[in-house]
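Chain lettering (A, B and C) follows the sequence in which the chains are written, and residue indices restart at 1 in each chain.
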Amino acid sequence: MSDSPSAPLTTADGVPLKVSLRRASRRLKIKALLLVSPLLAFLIIAFVMPIFDMLWRSVDNPEVSNALPHTVEALENWDGESLPDEPVFAALAQDLKTGQEARNLGLVSSRLNYEKSGMRSAVMGTARRLSRIEPPYKTALIDANDAWGELDTWQLIERESAPYTLSYYLAAVDMQYTPSGEIVEVPDYLQIHLALFWRTFWMSGLITLLTLVLGYPIAFLLANLPARRANLLMILVLLPFWTSLLVRTTTWIAILQSQGVLNDVMVALGVIADEMRWQMIYNKTGTITAMTHILLPFMILPLYSVMKTIPPSYMRAARSLGGKPFLSFRRVYFPLTIPGIAAGGILVFILSIGYYITPALVGGQSGRFITNYIAYHMQTSLNWGLAAAIASILLFVVIVFYMIFNRLIGVDKVKLG
Amino acid sequence: MYNVIKQVAGRRSVRIKRTSLALVGLSALAAAVSAQAETLNIVSWGGAYSNSQQQAYHEPWMEKTGDEIVNIDRSANGLAGLRAQSQAGNVTWDLVDMLPADALIACAEGLIEPLDHDALLADAPDGTPPSEDFVDGALDECFVASIVYSNIVAFNTEMFPEDNQPSTIADVFDLENFPGKRTLMRKPINNLEWALVADGVAPEDVYDVLSTDEGVQRAFAKLDTIKDQVIWWQEGAQPPQLLADQEVAFGSAYNGRIFNAMMSEGQPFEIIWDAQVFELDGWVVPTGKLDKVKDYLNFATDTQRLADQARYISYGPARKSSSGMVSTHADTGIEMTPHMPTFPPNFATAIPKNDEFWADNIDELSRRFDAWLAM
Amino acid sequence: MAIPSYATRGERIWHYVFLGLCSLIFLFLVGPLLIIIPLSFNAEPYFTFSEAMLSFDPAGYSLRWYEDFFTSSEWLNSIKNSFIIGISSTVLATVLGTIAALGLSSRHMPARGLIMALLISPMIVPLIISAAAMFFFFSKIQLAQTYLGVILAHTALGIPFVVITVTATLSSFDTTLIRAAHSLGASPTRTFFKVVLPLVTPGVVSGALFAFITSFDEVVVVLFIAGPEQRTMPIQMWSGIREQISPTILAVATMLVLLSMLLLATLEMLRRRSERLRGMSPG
């Protein structure tokens, strides 16, 4: 709208039209916001705050300063070069005594043990023996557990007394602090997470590629059939899409396991000997096969909706202009489907790198994803900070791809079913 | 158009009914939980082991008191569950079956109650107080053991010729004379011990050797020799299943599960007792639940009950006074004593699991083990 | 996809090869789902076809796994839980999502893209991450191990589906219909019930179906935040598959495949009706 400062338009009651319009639009804006606000509030509590809580937990480091407050205070004036003096040991003895009575040494002993093996029994064993320990504390504590006589124990306590730590992120990318505080790679025999991130990405890439190879012809067929027959065949795509993920995973176990349907058929046909049954599950093959099947509809549907908009006359025109079939396809049709390939590809890739259930059930040892280690640290090793750090890194990757997806396609263009 | 509206209206009322039904269901459930204070939620390991507890403790107790006992098979994630519940301020578990190593940590975190054993537990029939009647290490600050169990390797006898059956832990690592797949637990515990014994380390020196970096390397090097023949299991029910299906020739397992498969299913399994890694297992009480479960705990750990349990599963009772009372298997009537981990011929080369070693080294060795697996 | 009359012989061959390939891919898509149906009637406790089954001997078939299912209090209880949680979270997600979609489809909605991206995020964030995050946070606010906690979590997961389907319906909604109704003398209420609602309902219902199936099929979040009382059917299946594969799982799987067929048929019906109402297709 153009401004005309000399003679502003007004409504009947004398309010300038611009103002009145702005008011009306503000009212509508507020109305729209009000409609969205209950859902926004709900999602913030049930989803966004948990995510931020997890991000916070990946750097949160309260264990040492909570359980060993006097020790931390006494270490403030320590030079960090040689073993601390008696006051620090006395403070430690006091903290351990309080902690033993209050029963809150478990977390700090686990926290320190993640960084230095042996700290769990150093903290808990010493605390249990404390009633028999007499001053001077320095010799008594070193007697009780060798760890107290090692310089790196104290460097560790001093470093991890900070309220926030990068240790979990370092562990998540196979790095660690040296006792003097430098960041280095962990020894080869402890390297695991980077390899798993890498495996998750390349296997997801392969799965995406496979769904594209299998999904492209199907989408092409569906887009070029008369509506009635296309709808009928569409059901074959949507049925797996609507079927429980666990059912689809179970069925692959039934088919692929060594006493399963496929091996039985192969043995019956004489293709393989009974003792030479193929190992197709509980390895990478299992994960890739099952996940390609599960994610295939997510590739077909976006491809189909793009191909549907390409008029068949384009190909006819290309042909009539003398293009060979393959050439016309490659030069005319294929470029038009690239948005669909991008949409389906990013969607499948994002879904794939976050999959947990299928790799856990059919992946065995070699077909595991990084998500399996998030679950492992959540449930078995109970190193929740490390789980949060790995999850945060994965989340970051997903968000980057999600933003690319959003930029390219727009999330509101997503169609379901 | 009218039809459509009618249908819509119809569907709406159906939905409302469903919602209110769901709400009624929810509140009924809440009411049921609070009304029956005598429901005990007992967490254990599931399978044959929970069944033995059901027969030996739960059923007599329910009959005696009218209480209801709910079995929850979550001991495998017991420590995580206790932490989560205590953080949530909503502890629903009343009694948890747990390994002593986990109990030590849970105790230090204040998740479970310290126990005054002599006051809480029943004396032996001859009046011996619990502190003297239980075997060594069975009573810890927050823990009371009920059984001695063992981690062993078993094999399917049909997979080997009769004149060449395996008998030692070294045979498990001998692919030449004893070919076939093996299934082992997907954890470093037990596997590292066995690898060293198979490599010639004496059972009593295992943890000394494992405490050095060369020792750990030596154990992994030995495991390397069978790595591509191993299927790694995560649930206790898997090894008997894999052995029965002849998917594997050897499987590491809890000795009671193998015994159970041999007895109730007649499976042709045999246990290699050589280098068995034995440990205790027992009860802990989540913080705040002591009053609710102390009567049950007294009952379930008395001499008779522990002896009874040994009629259903081949785990040794943790009380000395119960050992003499171990009789025959409830279903088959066979003598139980020779199937116990503590039976002297089985016990000759046994390794007591070193909880302190594993408490200190589990974090690093698990990571190293995972890295080794992923390689 | 007819072959054009000017097609060469090579193209004809290629055409049939292409159709053959497509049939194989369709087989890959649907075959696995169909294979478990006969397997679930196996009289033997195996995951494959027994010889008796292949020779169509009636003795090779039985309903024992279905009987197993319907007499197991664990399975039945888990189904009950799945329905309680599924229905409650569906209702919540549908109500919140539909109201929000009305706002989102307004032209005056500020920061639409940003808000939309936020509302869709539970669908994009990997479940294991949502589950871990909810576990930490719900534990703090005492929602872990409660029905309410699981219901709220599933509501969050179902919301994107409701928002997407309802906004899609609303965006293709022809607002001139409302003006037409007004100009013909209908009151706003009458217009809402007689014009708006019938046109929007199919979108709302299919969104609700998506939300329901999301909850009904969800394992990871329940695995992390639910207590033993909230054991759902997917959890029961999950532990069944991990521990020992009994064909009971195949019986459950077969019933779930039938359920998904039913849902699909409902959705198809809704789609057709919505097209008919908008005059987009004949019939």
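In the analysis below, a contact is a pair of C-beta atoms (placed from the backbone, for glycine too) under 8 Å apart; a residue touches a chain by one contact, two chains touch by 3 or more.
From a predicted model like this one, the values you see are computed outputs, not experimental measurements.
Peer 1: With one step meaning two chains touch, work out the least steps from chain B to chain C.
Peer 2: Between chain B and chain C, the shortest chain-hopping route counts 1.
Peer 1: Between A-B and A-C, name the chain pair that shares the greater number of C-beta pairs in contact.
Peer 2: Output for the comparison: A-C.
Peer 1: Find me the chain with the mean Cα position closest to the mean of all the protein Cα atoms on display.
Peer 2: Per-chain C-alpha centroids ranked by distance to the global centroid put A first.
Peer 1: Would you kindly say which chain has the C-alpha centre located farthest from the C-alpha centre of chain A?
Peer 2: Checked the centroid distances; the maximum from chain A is B.
Peer 1: Can you give the whole-Å distance between the Cα centres of chain B and chain C?
Peer 2: Each chain reduced to its C-alpha mean, chain B and chain C end up 38 Å apart.
Peer 1: Rounded to a whole Å, what is the gap between the Cα centroids of chain A and chain B?
Peer 2: About 32 Å, centre to centre.
Peer 1: Distance-wise, how many Å sit between the C-alpha centres of chain A and chain C, to the nearest whole number?
Peer 2: Averaging C-alpha atoms per chain gives centres 23 Å apart.
Peer 1: Please list all residues of chain A that touch 2 or more other chains.
Peer 2: 259, 378
Peer 1: Residues of chain B that touch two or more other chains: which are they?
Peer 2: none
Peer 1: Please output the residue numbers of chain C that touch at least 2 other chains, ranges allowed.
Peer 2: As it turns out, chain C has residues touching two or more other chains at 135, 138, 140, 242.
Peer 1: Hey, which residues of chain C end up touching chain A in the complex?
Peer 2: Per the touch definition, chain C meets chain A at residues 1, 4, 6, 11, 14, 18-19, 21-22, 25-26, 28-30, 32-33, 35-36, 39, 46-49, 96-97, 99-100, 102-104, 106-110, 113, 115-122, 124-130, 132-138, 140, 152-153, 155-156, 159, 161, 163-165, 167-168, 171, 206, 210, 213, 216-217, 219-220, 224, 234, 237-238, 241-242, 245, 249-250, 253, 256-257, 260-261, 263-264, 267-268, 271.
Peer 1: Once bound in the complex, which stretches of chain B touch chain A?
Peer 2: Touch list, chain B to chain A: 77, 79-80, 83, 104-111, 186, 220, 231-232, 245, 247, 356, 359-361, 363-364, 366-368, 370-374.
Peer 1: Could you pull out which chain A residues touch chain B in their complex?
Peer 2: Contacts found on chain A: 102-107, 109-110, 113-114, 117-121, 124-125, 127, 189-192, 195-196, 258-259, 282, 364-366, 368, 373, 378-383.
Peer 1: Across the complex, what residues on chain B touch chain C?
Peer 2: 1, 4-5, 8, 11, 15, 18-19, 22-23, 25-26, 29, 33, 41, 70, 72, 74, 84-85, 87-90, 92, 234-235, 237-238, 241
Peer 1: Help me check something: in the complex, which residues belonging to chain A touch chain C?
Peer 2: Residue positions touching the partner: 25, 28-29, 31-36, 38-40, 42-43, 46-51, 53-54, 57, 214, 217-218, 221, 224-225, 231, 233, 235-240, 242-255, 257, 259-261, 264, 293, 296-297, 316, 319, 325, 350, 353-357, 361, 371, 374-375, 378, 384, 387-388, 391, 394-395, 398, 402, 406, 411-412, 414-417.
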